[in-house]
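These are the structures in question, set out in turn.
In the two complexes below, chain A is the common chain; its partner is chain B in one and chain C in the other.
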Partner chain A sequence: MSLVINQSPVERLTAHFEQELPSLYGDAALRREAMATLREKGIPDRKWEDYKYINPAALFKQPHVAQARVGLEIKPEAVTLMVLQPGSALAVVVNGELREDLSKLDRLPAGVRVKSIADAVVSDAVAREYYNAVNGTSADPFVLWNNALNKGGVFIHVDKNVQSEVGIHVLHISTNEVAAVSHPRNLFVIERDAQIEIVESFETLGPVKTFTNALTEVVVHQNAIVDHYRMQLEGQVGHQMNTVNAVTQKGSNYRTYTFTLDGAWVRNNLNIRFSESHAEAHLFGLTMLNGQRVADHHTIVDHAIPNCMSNELYKGVLDDKSLGVFNGKIFVRRDAQKTNAYQTNRNILLSDDAQINTKPQLEIYADDVKCSHGTSTGRMDEDALFYLRARGIGEAAARKLLVRAFAEEVVTNVPNDAIRAYVENRLDHFFN
Partner chain B sequence: MEEKNQILEEHIASEYKYGFVSDIDTEFAPKGLNEEIVKFISQKKNEPEWLLEYRLKAFRHWQTMTEPKHWPHLHYNSVDFQDISYYAAPKKKATVNSFDEVDPELLKTFEKLGISLEEQKRLVGMESKIAVDAVIDSVSVKTTFKEVLAEKGIVFCSFSEAVQEHPELVKKYMGSVVPFTDNFYAALNAAVFSDGSFCYIPKGVRCPMELSTYFRINSAGTGQFERTLIIADEGAYVSYLEGCTAPQRDENQLHAAVVEIVAHRDAEVKYSTVQNWYPGDKDGKGGIYNFVTKRGICLEANSKISWTQVETGSAITWKYPSVILKGDNSIGEFYSVAVTNNMQQADTGTKMIHLGKNTRSTIISKGISAGKSDNSYRGLVRIAKGAKNARNFSQCDSLLMGDQCGAHTFPYIEIHDKTGVVEHEATTSKIGEDQIFYCNQRGIDTEKAIGLIVNGYCREVLDQLPMEFAVEAKKLLSVSLEGSVG
Partner chain C sequence: MQASVEGKEILRGLNLEVKPGEVHAIMGPNGSGKSTLASVLAGREDYEVTGGEVLFNGKDLLDLSPEDRAREGLFLAFQYPIEIPGVSNINFLKTAINEIREYRDMDPIEPKEFLALVKEKQKLVELDGKLANRSVNEGFSGGEKKRNEIFQMAMLEPKLCILDETDSGLDIDALRIVANGVNQLRSPERSFIVVTHYQRLLDYIVPDFVHVLYQGKIVKSGPKELALELEEKGYDWIKAETSVAI
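What follows is the complex of A and B.
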């Protein structure tokens, strides 16, 4: 193969795509269409309003190497160390492909199915029905990129009326010998009156830079209850784009918890759409940043239908030279009357070199609504610090205590004891 | 209340109260924009070489820019910049010294607008004083109170006059706050600006009266590109009013103004606007495109710039009066009421750029949307690195009247210093049924109750306006929202 020196990132991406296409599962036409749209829209840079504060262009310039050829071998012991909750079922996804040999799925009750999405879109009618259905006509470049090149991921299906006591832990591991991109693709379909807890965690193994472009579609049917955790724990080499597109039906309750505790570069696009009335969504987020790390949270709650409720609370602690972004959009469409939508974003800057850019955004087209957002950013409360020190607590300990208290408002909303304990433990070690 | 009903009735009868065309001979530049036109304008105004150079540089830069259409929450047909006449001057150029010499047609126009120059003149020596720099289609016709101001050393004149008489001041400050490279419309304005107001308050002088400019777009197919420059020297104070009305026109008219304010040490500038240009008819036909760049700089310590605006007119509003807080301990304020009705669209807000230490800013924005309109608040608060102990408080409330309108909030908050404290709150709601019920119960009918509630909702902002303006603003609010509640 001849090497063209002056190939643009888009051209290289296209060449890579053509090379990979024959080995990819599913509908080739869909993949081609996604690739064509991506080519047409171009690669996002700072001029794109949605990517204003972080420059994602470099991610597209990564060498495009076939994942299967570069993955490192993973030992079961390494996986054990990454388990967050010993009692739950475990699905291990390595570089975007489900590894059944490393997974433990036999604990699942009847009516809960976890399988590779690459198989499911062939054999499972539900997976075929919903694959790419929630994305709709999304023109986000990362969605398109995933659509074009994903090699698989996890399909979770919970039958109606099944309230699973056993949670599912989806462990995503990125590990490479050379820098490369992986595109985990998940689809969660929770049928009516069902309940499930899904914990996704993201880790890296090895010293080589990774980029994970994860895309998850979630369908929450009538009266179903879903707790969806995203534990972003990738190390200093981990770069992550994480898109969740969720649609919820009548009377359902979809709760998301996003903990961005590690990783060099993290961008989350969390998009929730109410398609039927009387549904609820709760979005909680806690971001702890230090070093030169970057975390960018974009959330969209789309009140397309009357009588829905959304509540969002995102908090950030930023130290050293870190950069934080929060962009929360509440969209209330025409006729979505009796909407209640609340959003709060609070941040603490611990260092002179840290930066936070926040944009809590409301777009409202209906009049009988109650919407509010609030954001505040500041340094640590000096009065509180003084109060603690006056009572004999050392400065370092007092600061730690105050950061812990600041984060607690989010952590306290976590119903899962194991996750809460894990996050609290990470908080205690944040300053070390 | 009787008075208000009368206003409403007049409003219904006339659709747009200020929709008339005064019959004054005007001199046009040919339609279109090129270097020749820029030279023509400059030559017409007998400008010095450096200003022509500045215009040409701005024009060349403008040609490399594209219309900012992707980020504002606005939908409109692009402006055909070649289909606009960039210069329209009343032929009988005002070189008058007394009112008797002013074109009687012009005086009638002002009377219709409700500011009678005679009235103003009569007020000399009385307590309430407003100096008016009347601008009709880009050329400042008559500056009143000039002598009174001159005694204090205050320069208040048309921009062209300032270019001739105070070139050193114009050269020093023009473009220092809004450079022509700033944005598309600022570049356009720098290239083709026709006239505007210039104001200089010398050291330690407190301007004894409120200064006022009345802008008015009169001729069909002309854009208006005024340029205002206000300089408050050390320890000076001035309160400046700007009010706008325009006659009814079918095709959209472009208005791209630039306002620059410079506040030196301990100086304070208060700038108030009531904007009531023709918003287009009920179906969104016609109306003014209002693309304005307004910015002030608190150049030195302890200075203060305060913007107050009541925006009820224009089909499209694109306007972000901003303050650069460069001096330590400087203060920036932004108080805004933006009302949109029928098919109007507004994307307005402010920018507070904190550079100096202990700088403070306050943003109070009240949006009211009715009919099928869209009303957006877009604001930026930036705390730069090194801006120690900067403080901002923002509050953006939206009120929706009817289920066909939109209210949007786009606050950008960028904090690069840990000592900065920024708070932002926003709420969106409609007028509570319980509030109306309460009024009804006490014998106040729904229409009046709404007037009452809206005025109460905007009170924080209206209180900031000088008295003369506050009265007009309150009337405007009632008139603008007439018929919007079923």
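What follows is the complex of A and C.
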């Protein structure tokens, strides 16, 4: 136990950083710069508009955010239980570092590479070119924190014209002897006319508190198709910040599916920028919250270029004393004519104490565009409930059916059968 | 039986006995309590039953949840069937049938048997097979919704069916189809309570008894000819007669 008390969270982060720095891979200057900016900006509290509902400052006051990590050993059997689809390649990332011994990467076809990003930024020109490039000058504190302290993660590179039948499951596991933070760092680069499915899942093992500050950069080249899943399954000890910064090129299609099904505290920043025309982006999200869990989705779709299409559908089911946030920004910049941008957020509150804060935010500076947004929040439909019960369906089963029905609109958009079945199964057990 | 909603008394003492195989029509002017009666029998929680009992095969229905009433063999055909997007008609019916069977200590229905049953019962009300696969009542026309109610009734094979203003909003062809479906479901064991404002439905579903509900009470009962008399004279003479009696 450290004897230093009365340190501010920022001072503790800095001290922890100095301790860790000598052992970290890559460009130390970039790390120092990130840390300096983080120190200058400070840690978000309620006064930060983007973080006002979830107040990360409270989290940063806890000692484990600046604590050395002591990982627990993971048995291959434990990993087997977390596999979502047996046929895909498996990359296991434990506490933010790729573990090749637990992974199964030999199933990948030629032209698809999955490597440790810590190695790739040294040995791979593409990784070096794009590392931190999509983040750009982001001053988001969690991006900076990851830039300063990440120890690795996965680099996925799909060569041009390679349409992989085999998907990649990136399994992130946080497991610790004492509470700690990990910073998984991913970079996905999909070359032109390629196609890949990437399923990231997030799990915790063991009873101690974890904080996962994941950061993923995605580059989707011309005409490429990417299905990117995030399955947030961390248990009651899991706290997660998950940032995805994606940039897409001409004629590409980037589809994201965010399933927030477990975890004590989850914040997602999903930022997609169209850099060339005729590209599509799809953002599907389903959040199931109970107990005192918190989930906050911030999405940004940046129509910087004409002739692109984005479609966003997020749904939330909130029970008990849970707290949900949806903030969906769509920017249509001045020259982005012929933009189609659609956004829908719907929520049902199953209890009096559950809370949802939803805010669609469209900023449109072009005139020849089609944009729409809609949001609704309500209770479970009592008339529908009575109708089902009047046909002999018990109240619990009727509620289950109605929640399934509510979620169906999102689930039906999932092209992966195994994932869809997994989500449906989780939905059925949500009340148990 | 007496019942009230939000403190306002709607049913003010009502006695009715329905024997197996009988069809009872309940008629009455708007606001007389007809739909309240149907809802109270089915177990809608917006109503408070302030007194009395409803004996159904020896059990007091008022002690049972809506689902247990249905499992005992009660069926309410809704005046306004609810649309439930995302729940397929078929899945909904299968769940209902299996919950009812579980209540009666029976095994779940075999998929093959279920599908055969669906096929057979759809014909009763000329329901398009495509509708059965769609979400419950979603995007159905008024007539399709009412036919779907009768289709569900046929599938669940209840002992007592309550038809709540099933004729409302139906054109004559749809009315004929719905009534024809109901008539095919008549049997010596199955009873019906047909709640309606107009006599029109009773041309097709011929009742054994007609009761007039007014101000929460049955003020007149008679044979099927009473319905014709009401059609001819309207409800005013009943109102006049009742106010004298009170």
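Just so it is clear, the second predicted complex is superposed on the first by the 421 of 432 C-alpha atoms of A that agree within 3 Å, B and C clash if a C-alpha of one lies under 4 Å from a C-alpha of the other, contacts with A are read in each partner's own complex, and residues count from 1 in each chain.
Keep in mind that, in the parts below, a contact is a pair of C-beta atoms (placed from the backbone, for glycine too) under 8 Å apart; a residue touches a chain by one contact, two chains touch by 3 or more.
Fair warning: this is a prediction, and the values are worked out from it, not measured in the lab.
Peer 1: Given the superposition on chain A, are chain B and chain C in a clash or a fit?
Peer 2: In the superposition, chain B and chain C stay clear of each other.
Peer 1: So, does A:D417 touch the first partner chain B, the second partner chain C, both, or neither?
Peer 2: neither
Peer 1: Now for A:E77: first (chain B), second (chain C), both, or neither, which partner does it touch?
Peer 2: neither
Peer 1: Can A:A390 be said to touch chain B (first), chain C (second), both, or neither?
Peer 2: second
Peer 1: Report the partner of chain A that touches more of its residues: chain B or chain C.
Peer 2: B
Peer 1: After superposition on the shared chain, which partner residues are touched by A:Y365: those of chain B (first), chain C (second), both, or neither?
Peer 2: first
Peer 1: After the fit on chain A, how big is the angle at chain A between chain B and chain C, using C-alpha centres and going to the nearest 10 degrees?
Peer 2: For this superposition the angle at chain A equals 70 degrees.
Peer 1: Where does A:D106 make contact in the superposed view: on chain B (first), on chain C (second), on both, or on neither?
Peer 2: Neither: A:D106 stays clear of chain B and chain C.
Peer 1: Counting only touches as set out at the top, which of chain B and chain C does A:E49 meet: first, second, both, neither?
Peer 2: A:E49: touches chain B, not chain C.
Peer 1: Determine, under the contact definition given at the top, whether A:F406 touches first (chain B), second (chain C), both, or neither.
Peer 2: Second partner only, chain C.
Peer 1: Considering the aligned complexes, could you tell me the closest Cα pair distance between chain B and chain C in angstrom?
Peer 2: Shortest inter-chain C-alpha distance (chain B to chain C): 15 Å.
Peer 1: Within their complex, state which residues of chain B touch chain A.
Peer 2: 70-71, 73, 385, 398, 400-430
Peer 1: Can you tell me which positions in chain A touch chain C when the two form their complex?
Peer 2: 381, 383-384, 386-395, 397-398, 401-402, 404-409
Peer 1: What part of chain A is in contact with chain B in the complex they form?
Peer 2: Touch list, chain A to chain B: 49, 334-335, 337, 347, 349-379.
Peer 1: Considering the complex alone, what residue numbers of chain C touch chain A?
Peer 2: For chain C paired with chain A, touching residues are 42-45, 65-67, 69-71, 76, 78, 81-82, 84-87, 91-93, 95-97, 99-100, 103, 135-136, 152, 156.
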